[in-house]
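Mind looking over this structure? Questions follow.
For reference, chains read A, B, C and D in written order, and residue numbers begin at 1 within each chain.
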Amino acid sequence: MSRRQFLNDPEHVVPEALEGLVLAHPGLLRLNPEPAYVTRAKPATGKVALVSGGGSGHEPLHAGFVGTGMLDAAVPGAVFASPTALQVSAATTAVDTGQGVLQIVKNYTGDVLNFRIAAEIAGDEGAAVEQVLVDDDLASERADGEGPGRRGTAAVVVVEKLCGALAEQGAELPRLARFGREVVGDARSMGIALAAGAHPGERAPAWELADDEVELGVGIHGERGIGRRPYASADELTADLLDRLVAALGLGRGDGVFVVVNSLGATHGLELALVHRAVHRQLAGRGIEVARSLVGPYVTSLDMAGLSITLVRADDTRVALWDAPVRTPALTW
Amino acid sequence: MNGSDAREWMGRFFAAFDREQQTLTDLDRRTGDGDFGANLRSALGRARTALDATETATPGDVFDVVSTAFLNTGGTSGPLFGMWFRNLAKATRAPTVGVADLARGFTDGTSTVQRLGGAKPGDKTMVDAMAPAAEALAAATGGIHEALAAAAAAARSGAEATAELLAKRGRASYVGEVARGVLDPGAVAVALLVEAACG
Amino acid sequence: MSRRQFLNDPEHVVPEALEGLVLAHPGLLRLNPEPAYVTRAKPATGKVALVSGGGSGHEPLHAGFVGTGMLDAAVPGAVFASPTALQVSAATTAVDTGQGVLQIVKNYTGDVLNFRIAAEIAGDEGAAVEQVLVDDDLASERADGEGPGRRGTAAVVVVEKLCGALAEQGAELPRLARFGREVVGDARSMGIALAAGAHPGERAPAWELADDEVELGVGIHGERGIGRRPYASADELTADLLDRLVAALGLGRGDGVFVVVNSLGATHGLELALVHRAVHRQLAGRGIEVARSLVGPYVTSLDMAGLSITLVRADDTRVALWDAPVRTPALTW
Amino acid sequence: MNGSDAREWMGRFFAAFDREQQTLTDLDRRTGDGDFGANLRSALGRARTALDATETATPGDVFDVVSTAFLNTGGTSGPLFGMWFRNLAKATRAPTVGVADLARGFTDGTSTVQRLGGAKPGDKTMVDAMAPAAEALAAATGGIHEALAAAAAAARSGAEATAELLAKRGRASYVGEVARGVLDPGAVAVALLVEAACG
């Protein structure tokens, strides 16, 4: 089966989409075209700046989370490719107002390398830079701890929201970085797909599944997951993911969590909502309280038909930060 | 070495790359994902254009331009080469620089690449050519030409030796034994670069 | 090719999704399970109440637009089927606080019939009820004016937003109804699809397209459109839709419009954003100013790969109403 | 007619529908979308359950329950029948009602259905059985049994006459000539309903 997309030149998808995004939110976003990054329309002052970024194809991540209470800048790479070090360092120095910059980086070799270089360059130019590495994807965890480590997936939105709120309250850079790393340590995600997505301009999905199979442990770059399992009801599939997440975080009766039920691209709101119901009921059955939830497309993998579930330990401090005002294209309250 | 020597060095490097691009791509196809030639071409194309458009005085000015071009490139090799050149530039800010300056630039560049990429000599990466070149320069006692010739020879034999190695870093580490017997393209590119310094 | 969805019993998709939605927004929404409708968690007083509804499968419509500044209640039917008259009348009387109720109804035979009956029943029970019929879909316009008239599609979101803001300001029922009808008269939409969606529990898409064709003028119920046209660049496809919309509204130099670039379900944010760029540039080229835009999934047709473009004439009053605060699951500022 | 007469009428209607459900579905399959039997079954099932669970005094109480059951049903026929019964209930709030009350209920119900659905007699819909039944009741001069028998006969012949008609409203209007010769299921259901009143 062949996919098509609405696009002009596949090479220009990212810059054209950035332009279209910023035109839709002139009051919130500004686009720096060269090197490409997106900042708040009204720069914040007197606070640590937050910068994130990574490959495109995950929209609304990251540019959709630029605004009051969340990011100060987002740096988009090509589809599924890291932004360059100079893009990141330019964005970093652009938003630094002297309080320093927290970079939130998803754990992929290219992103890590380019953000690390960007941090050095920005450091040479006088910016204090700290990094929080997000590595929540349980499927990519290896028992021997070898390899590049767990990938960064949808927990990045929770990290950006909570750190964004803490920065807005005037927290200093070292504390912000420490807090962000604690949140990451308490976050795990796992994805599941019913069908792969396709790259802009390509007409075949990245892989095919048998009718009675689902792909378990998919990432957000169209990679295959860690294995297949039989297709089953939403309740059963949810239970499969939750079992693993709850065990990995060691959650038990009385614990509270943030939940993200995240569309990987083409999954409908009806499906997400009913999976969220299953998450809620199953966690309640284990005595785990859902403190807050996000249900929708937050960290997509092009038009993959799939979803991921993220759990992050919640406590009163974190809930207060969650509830703090946020005003971005994709998250506002 | 003054600013225009540095420019000429870079010009010879561009030309050498043009000749060897296909070979480098083939090496990356066998050990990685086959985009090394394209990544390097886009970086060097950007460097060439920028050098044409920029006034440079010192060798450091030249290497800054090349560094920026690499840091504007994706992939793994682009940013690593960019930081290597950035260290070289920092060591060569005088109008005319000597072996000691170059040695310091090569050494700092290599350790930055190692720190950022996490590769050690023997991991079948560009470091296997960078490290011996830096050591050769640091150990050189004669004039700049002899020093650079020694560095070039060291880089080349470091690159040749990668054939025997099993990759521990980068994409080549995923293919394991399959890459045994194949040169690492990043190391070969370093050899081309240092050889180009010899005129 | 076969589709799958995340679901349990296909018969229970709607009630399960409603439960999951309300669990995700406990501070905003309340669910009345029987008859099923969704209201604000904190009922408004001293204003005309707004009620909308219709078949499910269009999420976030309508329940996603319940909240301050927009709807007071949403009444969901089964997938692509009208809610019953008693569901609607129950919701209508539940939210009436004596100022009357404005029902916003998309123009489909079943919806019109059931809302009309609901209005009579609620009227018998003492509620003053007026209706605004939304019929923006240009593709279903017939030259002879015969038949059921234009379908109601994505303009309904603009109508709900603007009327919601006006109601919040204390406007009385007759004025609200008049205003809503004026907005509808100034609104046209047109949809285009690259692939059909599939009903929950069904594995085949509703129809197939050749590789070089797109379906023009699709509605939001998986129906085929008014014809096929060759697949082309996003810029060209956008121009095709805009030409028709601009002509139908008689827009010209100096006019201002609201724009909705709406995903019909599976269309990715990158695609929507770059189509929005095309809309913006092409309208600018005609001297038409984009006053405000919405870009995202607002009125979907299950997981159809497609989008619709809506234009609504904007003026200062309407822009002020657009900018008024809104706080709902799917629209907040 | 008192409350228990009304209950018995509804019981006979449910039984008649059980017998004729398949026929009605087949008629809708040939003129519409084939769900008429299922729509009516779910409405009448709900009505039966609700009547069993509800105390009713007047005929109006009985018809209110049936009306609610129909108004809780989807499709086109459900809400229209619901409003018809609602009008009948409004006209029959007394403990015992006569021909005039029934005639008023039938007449108001028919005009509500016409107003809401926009169908006129001759459009090949339920109205083609409702309207003559209402007229027969309104014109009746004898007792309630004769009046209802006349209404039943009028409804039945109105329903039979739909075979010859071309549909102007509802789904049957989409199939045009194909539905010529086929009875309208909504009109047939009305005939069953009024016939059931005769005991």
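Just so it is clear, a residue touches a chain if its C-beta (ideal position, glycine included) is under 8 Å from a C-beta of that chain, and two chains touch if they have at least 3 such contacts.
Please read all numbers here as calculations on a predicted model, not as lab measurements.
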At minimum, the number of touching-chain hops separating subunit B from subunit C is 2
Centre to centre, by mean C-alpha position, how many angstrom separate subunit A and subunit D? 58
If you average the CA atoms of subunit C and of subunit D, how many Å lie between those two points? 35
Between subunit C and subunit A, distance of the C-alpha-averaged centres to the nearest whole Å: 29
Where subunit A touches two or more other chains, by residue: none
Which positions in subunit B are in touch with at least two other chains? none
Touch-based graph of the chains, sorted into line, ring, star, complete or other: line
What pairs of chains are touching here? A-B, A-C, C-D
Spell out the residues on subunit C that touch subunit D in their complex, using ranges where they run on. 35, 77-78, 81-82, 84-87, 89, 109-110, 113-114, 116-117, 120-121
In the complex of these two chains, what residues of subunit B are touching subunit A? 68, 71-76, 78-80, 82-83, 86, 116-117
As the complex stands, subunit A meets subunit C at residues 1-8, 13-14, 16-21, 23-24, 56-57, 59-60, 64, 79, 194-195, 200, 203, 211, 214, 231, 233-235, 237, 261, 265-278, 280, 290, 293-295, 297, 300, 302-303, 305, 307, 327, 332-333
